[in-house]
Amino acid sequence: MTLSRRSMLKAGVAAAALPLLGSRAFAQTEPLKVGFMLIGTVNDNGWNFGHATGAKYMKDQLGDLVAEPTIVENVPEGPDCERVLRELAQSGHKLIFATSFGYGDYVIKVAQQFPDVRFEHATGYQRSDNVGTYNARFYEGRAVCGTIAGHLSQTGKAGYIGSFPIPEVVMGVNAFVLAARKINPEFTITPVYISTWNDPAKEADAARAMIDQGIDIIAQHTDGPAALQVAEERGIVGGFGQGADMSAFAPNAQLTSIIDNWGPHYASAAQAVIDGTWVSQDVWPGIKEGEVEIGAYGPKVTEEVKAAAEAVKNGQADGSLHIFTGPINDHTGTERVAAGVTLTDAELLSMDWYVEGVIPPA
Amino acid sequence: MSTDLLIAIIVTVVGASTPILIAALGELVVEKSGVLNLGVEGMMLIGAITAFLVTFFTGNHYLAILVAAAAGVASSLIFGFLTLSLSANQTATGLALTIFGTGFSALAGQGYSARPVTLLGPLFPAELASHPIWRVLFGYSALVYFAFALVIGVWWFLKRSRAGLILRAVGENDLSAHSIGYSVIGVRYMAVMFGGAMAGIAGACFPLLLTPQWAERMTGGRGWIAVALVVFASWKPFRLLAGAYLFGLVMTMELYAKASGGPLSAIPAELWAAMPYLATVVVLVLISIRRDASTNAPACLGKPFLPAN
Amino acid sequence: MMQFRLEKRREPSKAMLYGTPIVAVLLTMIVGAILFSLIGFDGVGAVREIFITPFTNTYKWQDLGVKAAPLIIIGVGLSIAYRANVWNIGAEGQYVVGGLAATGVALATYQMTGWWILPLMILAGMAGGALYGAIPALLRTRLGVNEILTSLMLTYVSVQAIYYLVRAPWKDPMGMGFPQTRRFAADALLPNILPGTIVHAGVPIAIIVALVAWFVMSRSVFGYQMRVVGAAPHAARYGGFSENRTIWLAFLVSGALAGLAGALEVSGPFQRMVPGFPTNYGFTAIIVAFLGRLDPLGVIFGGLVIAVTFVGGEIAQTSIGLSNSATGVFQAMMLFFLLAGDLLVRYRIRRVTPQAEARA
């Protein structure tokens, strides 16, 4: 069945290249084909770049066991992605990573038609026998950034540029300010949502609007270095690289960066498929597993602050610190999480309220 | 509101308005000649990637602006050849040009999105702009002053110069202009090329004035805002200047309002984003009710010139 | 400037009418292969993957049908409007509002069951698209406002309406906070017509729409009116055809068809309203209408050709790693060639030299 789905052309090439081996024998030694479906371009220096880097890491690790990874860019969240998923499955890809939330419905649908293909959906929540989900605990990285911000900010005000107020972003804002307020109890953060993932000029203007109103630390959840460049140009305390190290754009202003390191997960998932041990699961690794990395610290981060940031990083790695452990008040001052209680993963993944210190958007 | 904040807002608004002002002035001249080029967004993207690449490799911002203008002209010539020499439909050709510009710029810019460049610095020495009040006047790069000069230049050209008179005649009644011996096609070619050059420079504003990098589709639909702006301004350069700053203010105030957390931040982001387009429709209706102004729309807009043989 | 002279044909050339789109596609393949090879890509491979491979298996035929259906439905409406010289370029907005209207019905009837839900959604979609198209029609007929500009502006407004609705009042309560509506209930979903495939009812509907439109345009008084007003407005006025009436009809028909496409897309492939719903079908359909020579049957061809470039573009990404932006360049190139060829339909080109040969 799987062989017959492959195009005649490919079978012909295989037979011509290895005349001594039958196509059956060839199929058994054939490297695993892994597909990646991206919402944007691998050149975005952020989210999609992170996944492409992960794909490369997987190839480097597994060598000849996997084929050169197939990356399909700019796939919209809609019926077009269903077609791309089917195209990947039909062309012999046995493991397919769908790396944007809006692909979820279609991954489930196509997975039913291709029971022998494994699918993994990033940031999603719908699973089936051959669909797993994976995500990264970026909020752990946000807590490290918030710690640095709490120490270094002179005005005690940070801004947070987001695209849409989805739980992933809300979680990041909250983790950031919770960590910062452990250092400076008066610290506040203002999220600004710009309703787009990719409009660098608008991100830059949002950063300018924040700086002009006394904000001296900027974090962003959109892809790209625009806000950091403004931070550098204006000479404020600084900001953080998102998804990748962005110090090339802001050598002084980048305090540190949260690096998406999907590679190890991609390599282990591909290895599991090769070994026949892959099972559908929901994985949410973070700093401990190395999926979320903290990049190099910038020149403004003093040794003392660096030590504090490392302590938060290590605490989360060894499990002694969870930033969402109570007591936590919401932005109106009402207690939401009692002392000693930690929010569950499910509560985090549907977070739609802001903690104390956030100046909430309307 | 403190003076400092007010000045800061003005500086940001000026930055946000400049590319749409330049692109719209180019499109205004094109439309005055009777041609509707909807490819502004595509030509801006071509200008943006060209300006980025030239800056990246030579570090010379002024050369980058010139080459971006030339690239804009080159892309506008595709449009000009099809619509003027071959009388193809202008709407469809303009849309095709935008598709082309989006794809071409992304192709040319592959591998350059992780590379920073530097912004074009202020035109005047820093001492002149040291006081906040003077910063409002002397704190900008040459592109901003170019946009102002362009307003006056386009106004003078259309109202006062003989060539501008011919251009308007071609836009109002191509057959009459043709019958008294003017080259309708030649005039329109010049206008389309001018529009292309301005769209190219407007595109150059993105890596040189707003955010020193290359990102695919980095113009974010502002070419369409420029098209709206021409209509909003009812084809008048000074009204266009006011309109560009009004649109820039709307786009920027959204962000200031949200960053302040004040009462204005209660307005949904979507309404802010829709405002330039809604305002343009409203203005179109208003100028049509006031008959005198509506006549300012070029009579031949969007129609191919087809002289009877 | 080149010294050519255009000579109007008495009748549009039939050979050119049907020949130039095919020539445009062929030229795109040849020039594309050469150009892309010159700039260091696998040009021949790109052309093969984009234009040939989509035809090589039946799965891809399904994809082509599903992708082409909305383009054909919208393109048919636009071809009728453009024939009448009414420049509705806001079909994207009418498509969006049609999809929103259908979504409104689907959400309001979420707890209900019944065969009537889907037809009601489709009617609501058509009504929504027609109403949104009525705005530029009203402004044009009452106030003389240029319809190209108003219909374009309203498109951007409609997209913001989606963002607002799916973010706030229509947000899926079970969607983990993501901006999207709930998945529609079973009776609000467009059925598949062939079991085991992805071909939904929108595909035959698109063909029927094109056939009906072709019949109406070529055989009825309505069609005659649209064509006459478009081709010769002065004559039409003497003949008693009202220009305003034509503008209204053109916008209502093209708006309703765009709305129909929106309703079919949201109830079929999308199954819920998401921010990614505006997929530029409305703008792409403008290209489709021109590829199809503003003829409803030609639009079927145009829709399929464009669908091939989309589907083939994705194949080229998976098989030879050609980037997505290259597909856009191919599409634009094809459109440029087509628009250039348009001229040959209506005109003969004569070189302005003695004893010129008519080249056609």
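By letter and in written order, the chains are A, B and C; residue numbering begins at 1 in each of them.
By our rule, a residue touches a chain if its C-beta (ideal position, glycine included) is under 8 Å from a C-beta of that chain, and two chains touch if they have at least 3 such contacts.
What you see is a predicted model; the values in this text were computed from it and never measured.
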item: Maximum centroid distance from subunit B, chain identifier (CA atoms); value: A
item: Which of A-C and B-C has more C-beta pairs touching across its chains; value: B-C
item: Subunit A and subunit C, separation of their C-alpha mean positions in angstrom; value: 36
item: Separation of mean Cα positions, subunit C and subunit B [Å, integer]; value: 28
item: Touching two or more other chains - residues of subunit A; value: 41, 195
item: Where subunit B touches two or more other chains at once, by residue number; value: 106, 110, 216, 268-270, 273
item: Residue numbers of subunit C (touch at least two other chains); value: 163, 167, 323-325
item: Subunit A residues within the subunit C interface of the complex; value: 7, 35, 41, 70-80, 82-84, 86-88, 90-91, 101-102, 105, 125, 164-167, 170, 195, 349-352
item: In the complex, subunit B residues that touch subunit C; value: 36, 38, 78, 82, 85-89, 91-93, 95-97, 99-100, 102-107, 110, 185-186, 216, 221, 224, 227-228, 231, 268-271, 273-274, 277-278, 280-281, 284-285, 288-289, 294, 297, 301-302, 306, 309
item: Residue ranges of subunit C in contact with subunit B within the complex; value: 1-2, 5-8, 87, 89, 139, 143-146, 148-150, 152-154, 156-157, 160-161, 163-164, 167-168, 283, 286-287, 290, 323-333, 335-336, 339-340, 342-343, 347
item: Residues of subunit A defined as touching subunit B within the complex; value: 40-41, 43-45, 49, 159, 190, 192-196, 198-206, 208-210, 212-213, 215, 224-226, 229-230, 233, 248-249, 359-362
item: Interface residues, subunit C side, partner subunit A - complex; value: 56-57, 59, 63, 66-67, 163, 167, 176-180, 183, 198, 265, 269-272, 274-277, 279, 310-311, 314-315, 317-319, 321, 323-325
